[in-house]
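One chain, subunit A, links the two complexes that follow: it is found with subunit B in the first and with subunit C in the second.
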Partner chain A sequence: MTNQLMMLSLIVIIPFLGMLFVLTSKDDSLSSHNNSSNVAVFTILSNIIMIWQIFAFIKKTQNGMQLQQTIRWLDYLGINFVFAVDNMSLLLILAVHIIILGGIIFIRTEDIKQKAMMAFSLLFLSMTTGLFISNDIFSFFIFYEGMLLPLFMLIGMHGELKKNSLLNGFFIYNLIGCIIFLLGILWVYKNDGIVSMEAFARLSSRKSYIPWIWLAFTIAFMFRIPIWPFHYFIAAINTKLRNPLVFIEVSLLPLSGLYALYRFWPNYIPLEISQHFVWINVIGVLTMLFISLIGFANSDSQYRVFAYSTIYYIMYLLGIFSQNKNIFANLNYALFGFLLVLGGLEVVTAYIRRQELLHASSSQGFLCRARRLSLIYSFLIFSAVGYPISSMFTNNFLILSQLLSVNIHMGAVLALSWLLVSISLISEMLRLKTDNKECFLGKSNDLPKDCFIYMLIIIFMLLMSFIHPLWFVFTS
Partner chain B sequence: MLSQWFIMLPEILLISFILIASLVNYYRSEKTPKTFFTLAQFFLIAVFLFTVVFYNKSVFPAYWQNTPLITLFKSFAYLLSLGWLYLSSKWFLNKNRPSGIFCGIIFIQLLLFDILASSTSLLTLGVIIPLLFSSNLCLIMRHWDIDKVKPVAFRYVITSLIFTVLLWIAVIMLYFLSSSFEYSAVQQYLTAQAHNNYYILIAIALIIAVFMFMLGVAPFHIWYLDFISNGVLPVCGFITLVVPLIIFCTLVNLLKDCLFPFNNYIEILLSFFAGLSIIIGAVSSNGEQNIRRLFAYLAIYCWGICLLGLTDLSPSSIIASFAYIIISILSFAGIYTVFLGFKSHSEYLSDFASLKGFSNTRPYMSAALMIFMFSFIGLAPTFGFSGYMLIINNLLADSAWLKVIILISGMFIAAKSCLNIIRVVYFNNMRQSYDRPDKSIYICLFIIVAIILLSLFNPNWLIRNAFVMVGGIN
Partner chain C sequence: MVINLFIGLILISAASMFITQGKRRKIWSILLLAALCGVSWMVVHDLHIVSDSGFMYQWLPYPKLQADFNISASLHMQQMLTPMLYLLAILIFFNIIDNKESYSLNISVLNLLSFIMIILLASGHDLFQLMFASALLSIICFYIPDDAQSRHKLFIYNFLAEMACFTALSIVYSAVGSISLSTISNYSAKIPHKDFVAFLLLFSFGCKAGLAFFNGHYNALFSQPFNRLCSVFVLSLPFSSLVLLAKLSPLVSGSLFADMVKYWCLLSFMIAGIHTLVADSYRSKIIAVAQMFYALAFYNIYIDASQLYIITPKLLSVMLMCMSIIYYITTPYFQKTIFLKLFQLIGSFIIFNAILIFITGLLPSQQIWLAFFYAAILGMLTRMLMIDEISVNSYFNENRNILGAISTVILSAAIILYTSESRDWLQMIKLCGVFVLFSAVPSNFFAKIIKLNLWNYNIIESVYEKLFVTPLKFFGRILWLAFDFMLIERGVIGSAVSFGEFTSTKLRNLQTDFPFSWMFWLIFGVGCLIVFAGVYTYD
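Our next item is the complex of A and B:
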């Protein structure tokens, strides 16, 4: 289907324009520091409405990318921006918008450089959206690499990292992955003149260089997934971040790697290549086990959230490598639910930590006094551990069961890691619910109204998605 | 006859400005830098227009001949000169110093560039290049503290004399071998040579070395660093923004129209200089504490990449290098504009530490600086990415893996120094006091950023024009 309304390019442009508006907004003590965050919230809400509209245009039963739109770019090399969407990309875009909106709502009252933060967050959103709708290898690369610029600035300005060398290392490390990706792309372009992603997926592995290109792409994408030996910088940065919005945005980096792997996955993989996937499985489950054990032993709530997200990302990665059609069909819904829970969990965790620091109080027992917070936190924890109350339950259990059927040993270690990370999350919740005299936090420190409403919407979406994954789509 | 005078108008106008500016300088009592800029802008706009109108005409085709590609380079050079003269006039006003002689030397350089870029004869090179060296010497001497620049000037005189002699030796050798100074005749002679003649190889190596010296690439970069460290800001800006563009254009012409039969040999020479410049530029920029020198090293690194992209001399490689040099020069134009606004207590700052927390006081200038830095790194979607992509694509098409590895290694090393600049500017809460910059600096920065953003969304205006024009010379 041809996209006549240019809606796809609009959902990339709107956050970019929002960024320009943020840059020109007045944000000082006279304007209560809220101008830029108001512009950001308005921009994201507008884009969510656009995304919701696009859902109505696509055919749910049709496979492949739809609503294709081409924008001329570099005529000399025949390289254009080609945008298209499917269910998965739209669901991911929607989830990313919702969780970044949550991050903004939660930090808008904080006394930080709001203007820069909002501008770079909107730029990040624009790049991420562009990545999910790209349907040719060059525009995919541009948005894939483009995510690094706002991330670098956000981590540097608001990450509160003590060691700046870590940040430089993080950037250059990601740049290495991008360059490997670029070389692979240019090599394919030189040999086959291919720019479309569908054409790339159809490339025959009989060509001598194609397995090497796949290997290069896999390595390039792995640079963004916290799996051994690629985990160091993401883990080091993520566990030190104290700003929920920046944490959420950095947590989306593995998502981009995972999505790239999914999109570039070839139509057919010969046995002589796929037999080596067992190594990925071994490394993947060992990383999961290792991180879940650290999360289990670590008392830092932030690390536990990071461990939780890592376990899930690696599980999805193993799902892709299993080449199981059922997993591929469920990945979009599973990721949608996972992102909502991850975003919600991070902002609530960051809120509790902030209250703890502001009032120099222990947070143990805080949930006994803050009813709104208790409700939200409990629901998110139960959803995260796979309790049958949200869409996380169905899709993720389906993926786990499929992985168990593919390889029982791998599935068993995966289930053990899952169990460990679930126990660590539940023990944190129990700690917050056990009353303590040293806790000076009370009802007045409960979630503010706007945050509570936002979290209720998240819960509502999770509940509705449990009943019907695309409940919010009314036509087609 | 009259038509020939019209064709000569760009050169006549350049000479006329020098005469009129001299008269104004000596006879007008109330003259300010603005007076000279006002005068210069009319002449430069006229020169630009007539260059475009007579884009393929020449009065002395045996010595110099315009082509569409040369006109494109010249047009960029005139526009950059116009912009830089405007900003320089602010510098002279701020320092309360006369700008008449500076403007005169710039116009002499532009006249020499005009002839050099279009040259079709080795004799033209042999005459114009020494004159260029002399005008460079005059430029560096435009400093109020003459004792500071004397050693620099002395070193430059010595090295430029050596390179002048080398150039003359090369030109004479080629003349004796081919019995002509003209590019086409020399090319015919070179094409007829079945075996590599050592005299030819030496002559070509000497000519390439002279061009590398003029471009300021490694290992002949010392004079360039000397100029940047000791020269006044208007001089530093001019030799970074305008000179490389013209030298690059002249080099492309010379290689395409004269030395092309020895392409394989030239490729080795250019790759050597390019590789060395990339590594030296990228590595040295990391340890540098003077920001002007830091950017001088980054410039050496950038010219190295241009040469690396040029090595096989195919039309696609020329387009790639052309695109990259324009992108780099636009970024440098932005950086030098920031330098003009980077002052405290009327003193222009140049040490790295004074950049600390710059974004807290000057957010818009810092944002522009950040865009230029990421552009140098070649990070998508900044404009710099297009340049890198074109060059890497071209090298991959040739399966030149070693060059790709050198380029990428240099890119990572240079990225570190660019990230350090962003880190110091943005991730530091220190609040230093800077002088309020002139509005013109913001206007120029806005224009440069707007060009970069427009080029990002539609790079065709640059690439397509170059494609058509490179097609024109083949």
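Our next item is the complex of A and C:
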């Protein structure tokens, strides 16, 4: 049992150790250019194996967090690091590892300084893993805010942002959310002495300040989700990022906000409060419609991928606010498939864009000549738009049916937004499949073998997850 | 029987996929056809022995959702599949004999895969299997046309149809809590938003079937060769719409749109029929003929879902025959060898009729096939008469064979419509006479209609562009400028930037040495004195 418990802290420590190895690795023109990325790949693969092992110890039929581990910190204050996992957190950790691994594999051949990027990516991975396994509010807060530091460094160094004020604004914006979150935590700790998240979920709204705490937490988490009016900075930065690894990591910020909302969701919300959720629904669907319209009109492939991710994040947010048990039960599988598709789509889109820039050629018709890329790209697009070749189809069906039962109008607008963003992705795919004489990209520019093998593994995982969501779990 | 057929076809497709890149593709295509005939012969002879066969596998054990992968068939469905097997063989035969087609093996494999999906679709007992097979058919059909523009339109229209079906079935699932077709049929009257569900489903099926106003994607296939057109229209997306309509008919019947379907089908039939007259290429005529037949089938299945097993093989066979007639008599070399081709045509009609009579079990007293045979002969004679009349017109000099096919097509459709139950030969002869006269209408009338070129102008797409796309773009721009730009960027961000500028300019003055000067402390002391005095006085 002790060995199992140590695994939770190990999956946080391993990426951190990997970061230290990366910092000490030789990565100059004399030695192998890819030392740091090789170390990063090895670290992430090791962690994936550890995560896969942890799955075997989880009891699927048992609800709630399992394999709890406590690391003493401020004992005299009753504040310790408490780690625990369930199916949802493990699936999200696994998905994050896989897509960051993909980003690293696709970026390793680029002529940029990789050491810092790999180091901060591994630090970000460590913080994100810690976030998903945190079972008390203080460690949750530490990892929730700790993941921002490497992110800022990555955006600043490799984001290729032309306006520094954007990054400064993004920093202040997240700082505001952080302050609100911290104040809420401290207030709850001071008044109720609550440290664990289960105890927080059991708080009754009879205490006058509890609804205000819920509001504060909701606002703090919504700062990371691209819903109006909190969408500005995430949208502004995401649409300008050209580095696929950095884009993937910034795209995980909304996931942290969603996960925080899910974890801090109270067991019971009185009707006087829940009747106001309709405003969230209205703002959510309007934001979705707005973003999907821009993605539909915008010809930039990066914006289309961003619009796609925004639509789905808001859909999952609406799913959480619908307080539907079926959605809660399927949210982990939905997010797992979504993250794999998003990560795959981003790296492939970035690869096409990079080939376009390197060879000063139009990308229209590229897929007519690059067979591997065509196969991968077509599969990802079909999965992304919800065709029944991946778990996205099943999860979309379930979530849409539940949201339609809550409010048919909201569901119809959601379906319309979804349709617009899907058509924008399909249009991009059809453009790439329309042959063009000005396209000088050919078979030699096709996906490299390592990238192709990685994408085939992603496709395999998506196909298998369609048949059985936890197909890779072998319990003893 | 069906499971054997299913597995056999999958094995043939899988084997073919490995060799599609190799040389001697025509030989491999012939071998594929032979393999298909072998499998078909092995399973078909069990047609009357095995009354039902089934295979069920629970393939989606999601929380609160149980989906079963089911391949089972009633006797009726097996009887439907058998003639369709022969149609599949004919399609592969067309792929082989087409000299210009260099991807014949690929198209044949796509035909096989389409047939596999149709088996899945027809034997589905739950919504997931239906959506799964329908969506995969869309993906397979995407690869059949070889023209980028055709593919684009085909895919987008079908994606819209899939989304509409998906949304409708989501509403149904949310109300009923089950994806089983039998459960849905029992509760179909109690589903909320039933009219909205029916609207979405009818839109989806109508779009796939190519009914009026939603057939732009099929009309865009006018540049496709004959074998690809047959692949699309015989065993692909339009046929899937008929199966879906039959399976989901409880969800669309009894709704607000029940009566509209009849008029929609009639309108589609008439528009397609007129299109056969004014279309200026044989390919467009083939497309229009297919749309006519699907409008007819759609209406019949909407009225009675069991007609799917009875009417569909007949209609598909006749449709393929009509399409073949149009193609063969419009090929350039046909004029040179007209008499030879005539005898070949008559011979092939006899063979077709014999095969269909044998397969469908129709008794010789059923005159429908003989009526069609006579109609074809009559059409040929009419065409020959028309050659002398219209050869002076240079426009029709190139298209006289096309116009000559009009009588055949219209005669076939009319005779099937009106004589399926009738054995009145006198009535038939009268009808034939009417259409012979109809075919002899002065050609100038048709020439004027063709010159208007209305059929290349897609009214629906231009209306959709003006009614939806432009306002939505305008609305999006308003949202962007008013709410996002003015409120957020100028309002919130602008305030934050101003505050930042204030802190970095005026508030920065605190970092100067002014607080350390005597004047600062003098003012501070005076201020404290005033406050102290005020407090002391008024306390």
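Criterion: the second predicted complex is superposed on the first by the 469 of 476 C-alpha atoms of A that agree within 3 Å, B and C clash if a C-alpha of one lies under 4 Å from a C-alpha of the other, contacts with A are read in each partner's own complex, and residues count from 1 in each chain.
In the analysis below, contacts are C-beta pairs under 8 Å (C-beta built on N, C-alpha and C of every residue); 3 or more make two chains touch, one makes a residue touch a chain.
Because the structure is a prediction, the values reported are computed rather than measured.
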| item | value |
| --- | --- |
| Partner chain(s) touched by A:I179 [first = subunit B, second = subunit C, both, neither] | first |
| Partner chain(s) touched by A:I142 [first = subunit B, second = subunit C, both, neither] | first |
| A:V385 touches, of subunit B and subunit C: first, second, both or neither? | second |
| Subunit B versus subunit C as contact partner of A:F171, first or second or both or neither | first |
| Comparing the two partners subunit B and subunit C, which touches a greater set of residues in subunit A | C |
| Contacts of A:K433 with subunit B and subunit C, given as first, second, both or neither | second |
| Subunit B versus subunit C as contact partner of A:S405, first or second or both or neither | second |
| A:W187 touches, of subunit B and subunit C: first, second, both or neither? | first |
| Which of subunit B and subunit C A:D75 touches, first, second, both or neither | first |
| Common ground on subunit A, meaning residues reached by subunit C in one complex and by subunit B in the other | 168, 172 |
| Subunit B-touching residues of subunit A, taken from the complex the two chains share | 23, 72-77, 116, 127, 141-146, 148-149, 152-153, 156-157, 164, 167-168, 171-172, 175-176, 178-179, 182-183, 186-187, 189-190 |
| Residues of subunit A touching subunit C in the complex | 165, 168-169, 172, 228-229, 232, 286, 290, 293-294, 297, 326, 329-330, 333, 382, 385-389, 393-394, 396-398, 400-402, 404-405, 408, 411-412, 415, 418-419, 422-423, 426, 430, 433-435, 466-469 |
| Contact set on subunit B toward subunit A in their complex | 319, 359, 367, 370, 374, 377, 379-382, 385-386, 389-390, 392-393, 396-397, 404, 408, 411-412, 415-416, 419-420, 422-423, 426-427, 458-460, 463-464, 467 |
| Subunit C - residues contacting subunit A, complex | 59-65, 128, 131-132, 135-136, 138-139, 148, 151-152, 155-156, 159-160, 162-163, 166-167, 169-171, 173-175, 192-193, 196, 472-473, 475-476, 479-480, 483-484, 487-489, 492-493, 496-497, 500 |
